[in-house]
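All chains are identified by letter, namely A, B, C, D and E, in their written order; residue positions are counted from 1 within each chain.
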Amino acid sequence: MNYNWDWGVLVREPYLEWLTSGFTWTIVVSLTAWVLAFSLGSVIGIMRTTNSNLLRRIATCYVELFRNIPLLVQMFLWYFVFPELLPQDAGMWVKRGMPMPEFTTAAICLGLYTASRVAEQVRAGINSIGQGQRNAGLAMGLTPAQVYRYVLLPVAYRIIVPPLTSEFLTIFKNSSVALTIGVLETTAQARQIEEYTFQGFEAFTAATVLYIIVTSIVMLLMRFVEGRVSIPGMISLGAK
Amino acid sequence: MIQLQDVSKWYGDFQVLDTCSTAVSKGEVVVVCGPSGSGKSTLIKCVNGLEPFQKGDITVDDVSVGDKATDLPKLRSRIGMVFQNFELFPHITVAENIKLAQLKVLNRNEAEAGQKAMQLLERVELADQADKFPAQLSGGQQQRVAIARALAMDPIAMLFDEPTSALDPEMINEVLDVMVELASDGMTMMVVTHEMGFARRVANRVIFMDEGRIEEDCSKDEFFDSQRGDRAQTFLSKILHH
Amino acid sequence: MFNNFDGKVVLDNLHFLIEGMQTTLLLTVVAIIGGLLLGTLLALARLSPFKTLSFVAGTYVNFFRSMPLILVIFWFYFLVPHILGRPVGGFYSVLVAFVLFEAAYYCEIMRAGIQSVRQGQIYAGQALGLTYQQNMRYVVLPQAFRNMIPILMTQAIILFQDTSLVYVVGIKDFLVSADLVANRENRILEMFTTVAIVYFVICLSGSLFIRRLQEKFNL
Amino acid sequence: AADSPVLTRIKERGTVNMGHRESSVPFSYIGSDGKPQGYSIDLCMKFIDAIKAETGLADLKINYVPVTSQTRIALMANGTIDLECGSTTNNLTRQKQVDYLPVTFITGTKIASKKGSGITEIEDLDGKVVALSLGTTNEKAIKRVAAEKGIKLKTVMVKDHPQGWLSVETGRADAYASDHVLLYGLISKSKDPSQFQVTGRFLSYDPYGIMVPRNDSTYRRLGILTLADLMRSGEAHKIYDKWFNPGPTGINMPLSDTLKKAFEIQALPH
Amino acid sequence: MIQLQDVSKWYGDFQVLDTCSTAVSKGEVVVVCGPSGSGKSTLIKCVNGLEPFQKGDITVDDVSVGDKATDLPKLRSRIGMVFQNFELFPHITVAENIKLAQLKVLNRNEAEAGQKAMQLLERVELADQADKFPAQLSGGQQQRVAIARALAMDPIAMLFDEPTSALDPEMINEVLDVMVELASDGMTMMVVTHEMGFARRVANRVIFMDEGRIEEDCSKDEFFDSQRGDRAQTFLSKILHH
């Protein structure tokens, strides 16, 4: 193994700037996608627990559709295929008109994909509470919506803090798939540094360390949140 | 006050309730017993519309439960219900449990609801536990809170679904005592239970169910004294002799 | 653009796509087997009373679970030849990456499976006079494995989907083969749509099968 | 061959690992039979014949290893491939990690765009979207020139040439910048070649060469010798014509004077 | 036959058992009762070494349970144990549940073990259920199989940990009946239960536990007839009056 180690490459410009910008993109893509995944996922997850057959069926279709196609393929569908299915003008807007087309596409794709996984967690959380609590709420005269608002959801969200954290970490890691449609996030930048300097080991190590740092911080944060929202005598669903 | 007329219910092909008819008048205490799976819980849940039924009708205070047009939440708010597993809301304190529906359903104000809560907690002798979370109480205490929660809505009737069967033996009596007191205060009650001691003491009528049918429906004295049907007798002998 | 959707291009290149699918399946199967074996060892290490052993296994698992699979693929694509000091095909590098990566996930599944067996069952076995090994062999592991089957299979479907990421290093799996055809024939819409449908059908059948199994055996 | 690590390992394995591109038309790409083919591949085959003779392995097997712009150098540096037959520019930075055989083609960065888009030179790209292939000399060249001239570009990063070309075809980008010969190849394969154009001055000088591992002069000499022979005998010209004049894809690029001279100069005597 | 001497046990800082001493002689039936969390299950699990204890000693048939050198599996194979939640092995049939330890621990051959299994299943009146899986049986049936499984090892003593408290009321008697029969056959038994009817009928001695201590340890008649200590009395009054 004849390899010239040069850790200095990581703090030399423009490579340091590349890494910083890549890391920023990783964070921005993840957070944007997460907001979408969390809100949409909650809605879909709740729909799956309602009494309405129609809502349940729609939600189930959504989950099955987005869960059973690889993320990378979905990324390509949104990037290459989707704009061509639109009317010319709309397609053009998706490709260039909207702000930062690659980023937007990646964030939406990642968000929609992860929403299906969040939905499953929300559903599991609500179902784990059991019919009894729902009945207790209804028996007091609360409307079904009120039962969700005051009884089921406050408990369900507390229970699923760990699995949701793990979903967030998944979205964070999955944001690297955005590099396939040209978003220069952390992994892509590491690779580009490797391209330009041939110092691949240093670049990949830097990326790895960045990912591990964020993961650790998020885990710590989760423990904190879990402690803050925990209720005496309640246990949460174990993280997957 | 509560009328059931030929109520039938199916889960898919399986018939859980088979033309059940009975009536509970104001101030009456009716005990429902029968083997596991005979449909007791289902029957009682039909009364306030927690379970839909396919045939027959139930009216509560002359309001039809089966009617699509009925405002079920409103109807339910007038009937208290107590469950086997207490079903207190774990994420809010005991006092908040009792206040929740007062605030959200009856639109009472905070002060009024709080006062009512404290008053009821005193009645079930738990005033000092108001700010604890449910999981910090024993089973017996939780069930008493659950009764207080139901009473906070000033119900016209109370339904109990095996309120003592999830309790440790030494806690059963503290709950039964509250229920006895309620009965003697004239509350209309439908109680699913196997506590025959309780039935003997306060029930006006006893209903015996088997395989979804109401097999016996008679006064307490008739039930315990006279020769009942075969099944009821076998059942009674099973649960009484240990 | 869909009004001139050309299904013929798919049929014309069918053999090519099938070859790609074979690579995908091969990768999936080998990664499952390797990941399971290594994952089981890791799980036993994590549950072992030896602190160092369980710490090492825990670190391994956490390390791999912190990294994006794409980065792991890149790492091993470049690292494996360096470590071995001789060239191996990209396929083998990727295979190593998948086995090591998946092992971390299988480890957690196995661990959860073993821990899912109720304490009472372990007591019951012990109370009958079974030794630790016998209790594991006849009482705990059969139940653990039964409890794990659905999750193991779900993970297999996820792995099957994840193999598409070898795209980034150009291993000719199903997606890359389709991509090549798409580029050569200039039929990107047709090819990607086909790829999506094929993955969907396979994965959905898989999930439905798992659900049936779960219902049947009441898992 | 004892002093050549590469020949030694080839001999041990009985296989030569040939790196190739999958869509560098017409240098190195996957044909409809699923096998790599092209100008660079043909030249490499001659080199492999020489390896066969040198090692005495009559049944030397070829293991085709697909590479991309991003992976080829690393795979060469870490020994995965023994030679790379694609469309790789020979430059001095890369020579820190790999070696090259003589120049087999000369091109440079140009811009392809839709006819009537009003784009001829890089200056016209101000405010427009240009697709660039990640990790290519073209990307560096365009970014360098743009920075020098203060041209504001929007860029779309793509993984390979077809993706870059697709962005132009679908209107995602206004132009794709790449080696001019590759641009002709891409246009010739598009649905309606008459719609597109390759324009502008050369923004970089890109001589192509076959890549070989560094620090193995014996092996490299064998390659230089093979190519020098081809260039001297005129066989190189024939192979060139087979692929470019007009070539199976109709690219139609007669041998340029520069390349003709390069062949002459590199046809070193024995 | 079973001797406990000053057994103490801690979970971390929390003391579950506090210098518990008692003895069960051959053929004796001892009932253990006491409030929830008082350490009854822990005590009984210490007897066959399922739970380790930190202080004191337990001997079974003169073999020390706490001694590191003791072959615990062998010791346990001679003591039958029945759990609150039955703990049948869900992945094998009823018959296989009964045969497993016979084959693996006692090294009986298949025929012998099978014969023994059938014989015991007949004794608990479940011969026709031999090939079902545990989940296909009712709770009462499962518990009877669990008893048969323990008996298959020809134990010198049997331990029961609340064998009826997870059962529906109408199934309690079918299990108690089997236990009564066992007792009258002269089996040495330690039974954690709140079924005071059972205690009255068959117990020789009753142990009352509270907060990890053995508060009362006396003959059945003394326990039920005379004035016990305060706590035992309160407890008894709670569980007897419903």
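Rule of thumb we're sticking to: a contact is a pair of C-beta atoms (placed from the backbone, for glycine too) under 8 Å apart; a residue touches a chain by one contact, two chains touch by 3 or more.
Model, not experiment: these values are computed from the prediction.
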Touching both chain B and chain D we find A
Go ahead and name the chain pair joined by the largest number of contacting C-beta pairs.
A-C
Based on the averaged CA atom positions, which chain is farthest from chain E?
D
Farthest chain from chain C, going by mean C-alpha coordinates, please.
B
So how far apart, in whole Å, are chain D and chain E when each is placed at the average of its C-alpha atoms?
82
Please report how many Å separate the Cα centroid of chain B from that of chain C, as a whole number.
51
What is the distance, in whole Å, between the centres of chain A and chain B, each centre taken as the mean of its C-alpha atoms?
45
What is the distance in Å between the mean C-alpha positions of chain A and chain D?
39
Counting only residues that touch at least 2 other chains, which ones in chain B make the list?
none
Which chain D residues touch at least two other chains?
74, 166
Shared interface positions of chain A, touching two or more other chains:
80, 84, 180, 191, 194, 200
Chain pairs in touch?
A-B, A-C, A-D, B-E, C-D, C-E
So, in the complex, the side of chain A touching chain C is made of residues 1, 3, 64-65, 67-74, 76-77, 80-81, 84-85, 169, 173-177, 179-180, 187, 190-191, 194, 200-201, 204, 207-208, 211-212, 215-216, 238, 240
Contact residues on chain D for chain A in the complex?
70, 73-74, 77, 96-97, 129, 134-135, 156-159, 166, 170-172
Going by the contact rule set out above, which residues of chain C touch chain A in the complex?
1-2, 63, 65-71, 74-75, 78-79, 82-83, 85, 108, 112, 157, 161-162, 164-165, 167-168, 175, 188-189, 192-193, 195-196, 199-200, 203-204, 207
Complex contact set, residues of chain C against chain E:
118, 120-121, 123-131, 134, 138-139, 142-143, 146, 218
Going by the contact rule at the top, pick out the chain C residues touching chain D in the complex.
16, 19, 77-78, 81-82, 85-90, 169-172, 180, 182-184, 186, 188
